[in-house]
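Just below is one structure, and these are the notes that go with it.
When the chains are written out, they are named A, B and C in that same order, and each has its own residue count from 1.
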């Protein structure tokens, strides 16, 4: 926190996840990065990029500080870790997840909480608001609970003042402002102040490729082996639509509308019923 | 992207460099396909601007904002030597970056090949003052690098340049006209030729210079910009030089030796054009693939008809071939091999096949391919210039045949 | 006695729509499980709402009515509901997967060292198991989740998949005052204020909606959406993009952070169809998309689509209908 020189120094941990790339083909049998061989099928969870942006901006706006990226992943997640550094994180830690790839959100939350404990010093633990693959949005709340820390989810704006942070978070129809004591946990919304995450740059990419990323073992984190109380079963492919959309695309607007109204009429649908 | 990365893996970069290559390409791909490609249509419709009153040129709206992002991401420093604030990365990577930019917008990608050429020529032939002054500016992108070669009577025959350079004291004063100048009026450095020895044989009396518009001031003026078939978003200017001052530190190489020096370097910019052609062809291919799988006629997606699927197979093969050709040539240059002939081969091949690929793309789109609303319509128009500028296909073939003939054995 | 505990969420002085969607799920669960349904409602000055909660087939409503709860502090809610759970011992704790539910429920579950059924598209019970379907990759795939019924379970229900339960005036429940539990450590989170856009229009009752998205282009151009809606006797809807751009007030927003609607006709103009919007309108009876992009995701839920410029098509539509 406050150093001798009076600077406000901050220690931020940002948790990043590797997911299957949005543009990669989706195979119900291979939904995790560890299932794939091709690194180009893996991307940084896009929601995490807003979180990285938030962490970097908080440190930039308030003076000194350090942002460390933490990632539970196999070596397929290497590029995600490097990308975090190339965006501006000062360092990173990867927790090895190759052997029996742990993916259940409950277990992952335990691991991430334990890793924060092992790191020891932190003022903020920052997460993306959800993951592109599972999208349970449970990481931040569960880790906050395991570490007994205050929490705010879906945060759009953060300002620091003397050991506390003021956050604006999204609620239905508006925003809610909360004040949290640090250390605290935040999940960052994809809208708001951090909606445009910065690009990497050649300079930072060069730095990232030269940065050594320590790899920790889950067994060193001292976690109990409890099975999560809720289990995942089969993956299902959504049923194909029985009736496809009727696409009307030929003719000028007059003809297009004419065709639509004729088709609706045939099906007994009357658009003019409410005039 | 996958194709590009796959080819890079075969090029034997060390692990750390390859990691850098992949991360840089990922970043450029994101910038190109998330932001630049979205503006491509607007830029084509708006075009570049010239105000005849103030003689000022400007790019279409939004283009310079994206240029600034490229600056922030250090893209222009990729091949600048570390000594001059650059990263000294491979020429191969540089050309792959050009390809990615051209996938999004040919007009936007025009910033890159000429920047690379300015950097290379000034680094190789510039005085130490010129290098110290201009290389950092080019590395940061604060100066846009342009080439002022063509004149009304000197197109393919660059040796017919008539602009004269009169030496007075410590400077040269250049007078003449330059045409087909990309970035004319907006550039920070112009590399050009002028006649320093009138009595010399054709081509032997030319010197090469770096014109600095801050020194030239109003003596270097844009006369007009061209309204073109395509490439609307890029400034193509005609400029008049009226005793433009060029200090002697801005002479490139030796007096009267300009042509020989520069022609040698032009080879490397050709690879950049090949990369642009491949980028455009890739987008034309992708658009055609998407369209074929979505458009249905006669009860099924047209991509399932052999007429179309075979066209797509041909397009894909051609694009792959042209990509291998330019990337490999770039890698050859990177490891120090002479690539005079190979660069001409890469440029000639890629640009000619871009004509066929964009033509086929329009054909696959049917009526929509003729509509301004569809990307392939613009790709077709933009692609036409590729076989003309930076050395026509005929000039490339001349270079290639000379190279081939020189291998004749008695 | 098997119990289900429903967390009633309150916002803008009302019971939230998604809580009512949950109650539909709870009704079917409680009959299969033969369970008693209890509710908990937290806030300040919520006496009336506690009574209203009783009209949804709940046996008992635990009311936490305290000025400390006038602003939502999720830590206070967590601590208090935790105490209630320890007293009451429900088999299932359920809430809507609103932004509040998504923050509260995982905290509660973790407090009891349990995983949870997070954001369920569907949720049901079988002899000895709870079963739910959770969407993956923005609904491109789905995964089944299961847990034993003889342990405590926590679940949140995704919006847009169940109709809202209707209150039954003939029903009532015992309303019990529950003392809030707040520890000092809970005061590490302090509620400061809320800024909520003023609501002046309720589009959820409309039978016809003309809805505009990013493709409309500007605030001035949005007039065509308003004019068309008026001419056709319907209301105006909007995607989040249009609301965020300031072209139309929040009252008209449809989607994950806006309203859920099920009109007879939903005309989506210049809306690409991101999942966050689809969850708010995909159960509309007839969906007509007007878009220049034949590949826009909205066509995956639309019944009819015109590929054209909404600025030309909408006026034509108004003319010809």
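Methods note: contacts are C-beta pairs under 8 Å (C-beta built on N, C-alpha and C of every residue); 3 or more make two chains touch, one makes a residue touch a chain.
This one's a predicted model, so the numbers in the text were calculated from it and none came from an experiment.
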Core chain by centroid distance, with centroids computed from Cα atoms only: A
Taking each chain's C-alpha mean as its centre, the one farthest from chain B: C
Distance from the mean Cα position of chain C to that of chain A, given in whole angstrom: 22
Chain centre separation in whole Å, for chain C relative to chain B (CA means): 54
Gap in Å, rounded to a whole number, between the CA centres of chain B and chain A: 39
Multi-chain contact residues (two or more partners), chain C: 294
Residues of chain B that touch chain A when the two form their complex: 1-2, 5, 16-17, 19-20, 22-24, 26-27, 30-31, 69, 72-75, 77-78, 87, 89
Residues of chain C that touch chain A when the two form their complex: 11-12, 16, 71-75, 98-100, 102-107, 109-111, 113-119, 133-148, 151, 153, 185, 188-197, 199, 207-208, 231-234, 244, 250, 257-258, 264-265, 286, 288-289, 294, 299-300, 302-309, 312-313, 316-317, 319-321
Residue ranges of chain A in contact with chain B within the complex: 38-40, 79, 82-83, 86, 199-203, 205-206, 208-210
Chain C-facing residues of chain B, complex: 290, 294, 373
Sites on chain A touched by chain C in the complex: 20, 26, 28, 31, 104-106, 109, 132-138, 141-142, 144-146, 148-154, 166, 169-181, 184, 191, 226, 228-238, 241, 243, 245-249, 253-254, 256-258, 260-261, 263-264, 269, 271-275
